[in-house]
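Data block below; observations after.
A, B, C, D and E are the chain letters, set down in written order, and residue numbers restart from 1 in every chain.
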Amino acid sequence: MATVFSQYAWLVPAFPLAAFAILTAFGRGWSRAGAWIATLASLASFALSLIIAIERIVSNAEDYVGGFDWLRAGAVNLTAGYEVTNLTALMLVVVTLVAFLVNLYSLGYMGEDERMTVFFSYVALFTSSMLGLVLADNLMILYVCWELVGVCSFLLIGFWYRKPEARAAAKKAFIVTRVGDLGLLIAILLLFWYMPDHALDFASLHNVFHTQSGIISTSITTLIALLIFVGAVGKSGQFPLHVWLPDAMEGPTPISALIHAATMVAAGVFLVVRTFDIFQASQAALDTVAIVGAFTALFAATIGLAQNDIKRVLAYSTVSQLGYMMLALGVGSTTAAMFHLFTHAFFKALLFLGAGSVIHAIHTQDIREMGGLGSRMKATAWTFGIGVLALSGIPPLSGFWSKDAILSAALEKSPWLFAVGVLTAFFTALYMARLFFLVFTGKARGDAATYARAKDAPWTMTIPLIVLAALAVVSGFVQTPMSGWLGSWLWSGEAKEHAEGVAIVASVAASLLGIYLGWLIYAKGTIRRDAVSSRLPWLVKLLERKYYIDELYELLFVRSLRGLGKALAVFDDVVVDGAVKLAGGAVAGLGRLNTRLQNGQVQTYGLVAVIATVVLVLAIAGRRFW
Amino acid sequence: MLNFNIDFTGEFFAFFLLAVCAIVGAVLAVNFTKVVHMALSLAFTFVSLAGLYVVLQAEFVAFVQVLLYVGAVTILMIFGIMMTKHQSEGQERGRPLLETLAAIGCLCLFGILFYAIRSAGFAKPDVPLPDNNTLSIGKLLYSTYAIPFELVSVLLTVAFIGAVALAKREEDQP
Amino acid sequence: MLENLPVLSLIIWIPLLGSLVVLFLPGYNARAVRGAAIFFAVVPLLLALWLYASYEPIVGGQAFAEQGTWLSVPLNAEAFGLHANVASYRLAFDYRLGVDGISLPLVLLTGVVAAMASLASVHIRKRWKTYFTLFLLLQTGMYGVFLARDVTLFFIFFELTLVPMFFLIGIWGYFGREKAANRFLVYNGLGSAVMLLAFLILIATLGFSSAETSGGTELIFSGSYDTMLANLKDPNAAAHQNSAMFLSENLKWAAFVLLLVAFGIKLPMFPFHTWMLKVHTEAPPAVVMIHSGILLKMGAYGLIRFAAFLLPVQLHASSTVLAIIGVVNILYGAVLACVQKEFKLVLAYSSVSQMGIVLLGIASLNETGFEGAIYQAVSHGLISALLFLLVGSLHERTGTTRIDELGGLAQTVPFLSGILLTAGLASLGLPGLSGFVGEFLSFLGLFSSMKALTAVGVIGVLLAAVYVLRSVLAITNGPLPERFAGLKDARFVEALPMVVLTALIVLLGIYPSLLTDLMQHGFDGLLKELQTRVGG
Amino acid sequence: MEALQTLAWSDAWYLAPELALAAATLLLAVVDLLLPGRVNRDVIGWGALAGLLVAGVFVGWHLHDLQAAADAGEQPVRNVLGGSYRVDDFGNLLKLVFLGASALILLASLGTVRREDVPIKGEFYYLFLPAVIGAMVMASSGDMITLFIGMELLGITSYVLVGVRKRSGQSGEAAFKYVVTGGTASAFVLYGMSFLYGVTGTTNLTLISQALGTALTEYRALVYVAFFLMIVGFALKLALAPFHAWAPDVYQGAPTPVTAFLAVVAKGAAFAMVYRIFLNTAFFAYADNTEVREDLFLALAVLAAAAMIVGVAGAMKQQNAKRLLALSGVANAGILLVPLTLDVTNLHSSMFSEFIYYLLAYLFMNVGAFAVLTVVSRSSGHEELSAFAGLYHRAPWTAGAMTVLLCSLAGLPVTGGFFGKLFILFGTVQTRSYWLAAILLVTTVVSYYVYFSFIRQMYMRSGETEPPATVPVPSGIVIWLCAAASVALGILPKPILDWINDIFSLSADFLTR
Amino acid sequence: MSMLASYLTLAAVLFCIGLYGVLTKRNAIIVLLSIELMLNAANLNLVAFSKYGVVPSLTGQVFSLFAMTLAAAEAAVGVAVLIALYRRRATVNVDEFDELRR
């Protein structure tokens, strides 16, 4: 049936874009007014998205595609188009909702910053690009928005530009994700030349790879899929390109919530989902995705155990959860992946915003300097607690359902992947418990005066927490083992539901065990905190230093690039320019030789002339008489 | 290649004698130490050449040679020598490098010339020169070579004016 | 209204007229001089915009083509066994102008950058009159290069840019200006000398046509580009095989290599790039805007216009080599840009890197790549002009452009910093800004034939991010040194060109069809030729 | 015995330009003697100028006559006394160049030559005239004897002219060096001519070219020797590398107008003679036996290349403006020689047009540059490059004119120098002498550096402290005339080349057949 | 060896000796005289060819007469130049005439 609102979907990104344009052009000197414009724009987007989603839920509308010619050059004929499907509608809602809440939150969080309008304009641009990414009907436009969200992320990470760490983190984020982007770019180049009619839109992709598979050889398909996955790895902070995400926490906390937890980092997952037809055509690619996802999930979770920065713990948790999603994709369950993406967006945003409130209150991010905040910041503590539980996968909170869906799918494919998933769930629960107990319970370990002043944030900051907490509780019910509504809606009826009892039991057990262990260590103190660090100091050190990956990269890439650059600089100067100078010098040398000849002695001149005569005659005429 | 199969005629003897004189004069001119001696030995060469011209049946040329070279040029040079101060050649440091290279260069040049001369097989000419050499030359000068002749007159005038202008002492010299 | 005027000639000669006007203005009246210069720089821009508006790709540029005999010199050909049926020879240098989808974007670029650079010349503090005289003269040369349709005319305009540039660098540059000016002159002179040789070979062997005169058939050697194209396609060319006039294979190769070197120097192509480092660092920023923004593009344009169109077979045979050179350019420039301490050098090496992409586009041998090359040229022109405009403004304020001495400028000069960041992002090929499109099209074009090589070249995009962010962030972010605390942000005259250039960069990034539509049929001839000669 | 063919009165008409100059010389010499010492000798200068103009009118008249003859279908050549003197378009065009150049040089020197510098000012002015006679004779004879005498007339007069700054030891030294080099060169040329005469039995170029065919079969080595000796002699006269070393010394020591004269007229005349002899005689083997011809032209080409390279390279680090221009003259001599060395093929036979066009451009740019140098060195008191420092501030218009002249010298468009070089280059390409083209191009580029060292001084060095340079009116006229002509030659070469092409034909006008 | 070759060889010898003199003799007057010797060698050539040449003719003799005249004129001017120079430098040593250099 025809759609009414879907055709106005382009307005969804247009609102924040307009806000961005207005703020950039006229926003200098405005402060709160500008912020409100951006917030209202995101609200408008949210409202429209919601209407579209509801329309689609209610009427089960057809997909809508619209757009205009964007680039005509040679064989290239690309449109800037948008496509509204159930999947995109869902993403629209998630993105706009989180964006709106984060905007609202930021009104309070960033209230004292003099560059508030700049901040909001960046956020607006990000929202717009993210929505564009979601709506894009072809890979090219998706890539364009993909890069734009990257830039916004970069801008916002480096928002506090005076801090050298922020500068470094922004740079790192941009460059590391760019590595992934290159993969995506090459994948697009490949697709362009292999696809019939150079089509890059998702409908054609679906046609070629799903409906009439076999047009493109398997090896090329695998290559394309892997390259796309490289892009996703970069964006979604999967191993080995995860290094930028924890550093990205140098940005303002709302940004961490919006970009580095809920939306942008999930774009990698979204990309794989969007191009899943290609992955499905190649088992090797799927396996890779699953293995990388599983490894990342476990790997990041272990690091999360040993971090002391509240946001970094959450960041590694994000990496870990994204790993889950990849795992889900790798085992072929897009539903599980999208489901987890959906729930994760809410509870992770919640956690970050809660962390933001804490940081806002006591101006430190080190959990070792916190403690006992639960009594001073009740709303924060409660909502944060819900988030922790949701993330840990405690039923019936949303995280439980989505994680369970993933583990079930994994178990179906391979017990090993399942085992890794369960182990990760345990670690997740453990580090989240550690985080919660260290921050909100016990005694204050930091500055007493600060502690005394700590209180809940203003309403603009609290309301988002409450809304998100509510969502963290309920959003899981869209897809339970009992009703596969989300899956059937997303993929138009091909719902295939299964729930493994083993999976449910194992994951709940692991979560509870983790939380219990955390309680024992960090709240009750039954187990000494240095129980591990005193026995296995190297292990703790290894985890604290994040397996020395950063150091390794520094050595492998940064140093070697610098070394190569220095070497080439010498080469450029000595060899390339040297050759030029040599040529110049040769002429000058000839000139000097001539100057030496000009000694003022006419007889010398004559002598040279005579010798030249002899040589000339012998060389030219002489050869005829030889 | 040096097959000197020469007809020993009278002309050859005259040539030989005069050639030796000319070469000796020239060589001596290069080797003397006193400038006047050099000039005089060169004059000797010029005279020898005049003799050769006679042998070559160019009496008028020989006459002019004596007149111009021995009579004018050499005297001019000796005037020049008189008007300037001279140290003898040998008293100064030699320039061995220059001299060696010059000698090599000249020898090579001579070698080339000699090779070229030797490689040419000259046929005996069949047309004799006119008997009345001087008259014929005179006629030529006034007919075919009238224009060069006139030009030479301009040239001599210019050389005369130029030489005087250059050599004369400036009266307003400080 | 303009249809009946020789628009192309007007575009070329109005700056020259302006140059003369400025020359005779009273020198003390800086305002009048500057005003006149800006006026005479803007008028061609307006004409170019009119041209853009009335240009139809399908029709091509015939409507605007201008043609006149400039000089036609007899070659006194003697009757020493003349060619059969030929009574006399002539060497004709015609005044031929034309515009097509390849040159029009570059003409527009020239108009924009030149107008903006004349606005940006506020930094010039001495001898304005001479400065603007030369500046306008330079513009005549640049427009001429892009509009000439006769190789000799092209060459003359090409050379015409040389002398004003020498003065502009040598008089108004920084400390090492004279050395830089010399190097520019000699190195580029060498380039044009090489080009001249190639052109003469082409004239002598490809530029002939015959005409009937009263005395019989006259053979005319001319530099007419169209004649050359026609002769190239002449199916009877084989009949001339043994003629001395025929462009033999060896000669074709010679001409191709010479053209490659000539335009490679201008481009600049590795290893001929060292001259421009000095120019970039020593010349005044407004001049570097022109230099980096337009003059380098003459290399790209020449490569396509002459090396590609006239010698397609050679282009085809050497496309791999070209692509390799392009990749080397990209990576070499990028890696070196990563380690420079002087921002101008970063930009210089980044130009090397960016121009490598143009080479890739040309090496791709397909329309996508060619259009990408032109797009990249235009885009890089705008971006580097903007960057050097910023360099000028920053240098004026801080007295330095060394990365390690600058920092935190976003605090005191947020506008400049913002524009700098935007320009930087554009230069690293961010989608949505113009830099991306050219890059993408070039890569896309080349990818059809050389996949692995393209993939290696794409690494340059990553390195671009490294060097741009490294330098831009070092300048704008981080702690602010004490002495830069009181800096003032951009004045209106500075901000105006910045905003215009930024707007164009964004516009071209958002809606690339603005430019690509122009080029649509520009490469038809070449593509057809490639197809028939080498079978696609 | 044939009837005595003597010089008829009617022949005097053909000799009119030379005769006019000779008459003017004598008249001025007498006037100079009679005039009291205090009278400014500039009068003599104006008289000499008038003599040159009269001669120019005669030459123009001859050209017109020849044109009329050609239109009437006759050979446009007048041979006097079997070619010992010859009126043809080649000669006439070159004569115009020589007369024009001399006139410009004289005009520029009026008002700049000072009595304390040149005590024999009268002689200085009128001795230009016989020198020009010599140059003209070198361009208009088909007989080696006349050519040689013309060369000597020019040479001997030049020796005197170089030495006219009697108070300066440098002038004398330059004159002496010139005498030695010039004398040696004459000896080489004469020696070479003697061989050529020997193997052909005649001094007439026509007869020589006819006889050379047989001579080659029997006396090949001697023919080689004859030509190579002449080449060496001419190379010395033309200052082709490596026979050039005397030129900077002589140019530096000579008064600047004389330097200009040597650089333009003396060089041009030597070229005229080279063209006469080599094209006329070495052309013998057009049909067969191209070996010797190739070798000779190769030798010339090598010398031309060497001259271009050495001239430019030597000038690179030269700090003395006059020596620099001398070395530039060396390079330009190489360029001027290039057309001659090119093959005459069915596509290419325009070497003379190429040559004379560049000679014309060279005339204007060189005379102009020397005129500027005279003005500048007068104001600064020395002839180093630094004399030009800040000229832009001291005399902006002169600096502008100098810039134009330098661009022409450097061969930048759109100037006569550019077009001349382009034309020559096209010749090299048509004959496929790419190596010469390459050398020509590369040296041209290096010469940018050389000539722009003037520009660096004028525009980029401070000269604000020095007083403005005054430019005498005649010099100013010459400078601007030369600059304007340089530009005009670049923009509109067509009329001149059309004209040359109309009146000149290699086989009809030049080769004595 | 024919007579002509002998004459030519003699001329070559004289020419080379003259050249050597020009190149090596310090005294300016001797240098000038050496040039005369070279010219004389050429004259000898001309006269020899005039008798024994391929086509014997008086032209050679006429040429040599002209050459002699010119040589004399050249010598005169040369000496005049030298005298003028001597007034300034008080020397006739060729190797001391090196103020103009480099």
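Going forward, a residue touches a chain if its C-beta (ideal position, glycine included) is under 8 Å from a C-beta of that chain, and two chains touch if they have at least 3 such contacts.
Computed from a predicted model, the values in this text were never measured in an experiment.
S.K.: If you check the contacts of chain A and chain C, which chains show up for both?
M.R.: Joint contacts, listed by label: D.
S.K.: I'd like the most central chain, judged by C-alpha centroids against the all-protein C-alpha centroid.
M.R.: C
S.K.: Among the chains, which is located farthest from chain B on the basis of C-alpha centroids?
M.R.: Of all the other chains, the one whose centre lies farthest from chain B is A.
S.K.: Which pair wins on C-beta contacts, A-B or D-E?
M.R.: D-E
S.K.: If every chain is reduced to the average of its C-alpha atoms, which one ends up farthest from chain D?
M.R.: Most distant chain from chain D: A.
S.K.: List the centre-to-centre spacing of chain A and chain D in whole Å, with centres computed as mean CA coordinates.
M.R.: 78
S.K.: Roughly how far is chain C from chain D, centre to centre by C-alpha average, rounded to an integer in Å?
M.R.: 42
S.K.: Could you give the separation in Å between the centres of chain A and chain E, each centre being the mean of its C-alpha atoms?
M.R.: The mean C-alpha positions of chain A and chain E differ by 95 Å.
S.K.: For chain B versus chain E, what separation do you get between their C-alpha means, in angstrom?
M.R.: Computed value for the inter-centroid distance: 6 Å.
S.K.: Can you list every residue of chain B that touches 2 or more other chains, as numbers and ranges?
M.R.: Within chain B, residues 98, 102, 105-106, 109, 112-113, 115, 117, 119-120, 123, 145, 148, 152, 155, 159, 162-163, 166 contact more than one other chain.
S.K.: Where does chain D touch two or more other chains at once, residue-wise?
M.R.: Correct list: 145, 149, 152, 156, 159-160, 163, 166-167, 175-177, 180, 184, 199, 220-221, 224-225, 248-249, 446.
S.K.: Which residue numbers or ranges of chain C touch two or more of the other chains?
M.R.: 186, in rising order.
S.K.: Tell me, which pairs of chains are in touch?
M.R.: The set of touching chain pairs is A-B, A-C, A-D, A-E, B-D, B-E, C-D, D-E.
S.K.: Touching chain D in the complex: which residues of chain A?
M.R.: Contacts found on chain A: 587-588, 590-592, 594-595, 597-598, 600, 602, 604-606, 608-609, 612-613, 616-617, 620-621, 624-625.
S.K.: Could you please specify the touching residues of chain D with respect to chain B in the complex?
M.R.: Those residues of chain D that touch chain B are 4-7, 15, 22, 25-26, 29, 37, 80-82, 84-85, 119-120, 123, 127, 130, 133-134, 137, 141, 143, 145-146, 149-150, 152-153, 156-157, 159-160, 163-164, 166-167, 175, 199, 218-222, 224-225.
S.K.: Of all residues in chain D, which touch chain C in the complex?
M.R.: Residues 286, 344-350, 352-353, 407, 412-414, 418, 422-423, 425-426, 429-430, 432, 434, 437-438, 441-442, 444-446, 448-449, 452, 455-456, 459-460, 492-494, 497-498, 500-501, 504-507.
S.K.: Would you pull the chain C residues touching chain D in the complex into a rising list?
M.R.: By the definition above, chain C touches chain D via 71-83, 89, 91, 152, 155-156, 159-160, 162-163, 166-167, 170-171, 177-178, 181-182, 185-186, 189-190, 193-194, 196-197, 200-201, 203-204, 221, 244-245, 254.
S.K.: Which stretch or stretches of chain E touch chain D in the complex?
M.R.: Chain E residues touching chain D: 8, 11, 15, 18-19, 22, 28, 31-32, 35, 38-39, 41-43, 45-46, 48-49, 53-57, 59-60, 62-63, 66-67, 70, 73-74, 77-78, 80-82, 84-85, 87-89, 94, 97, 99-102.
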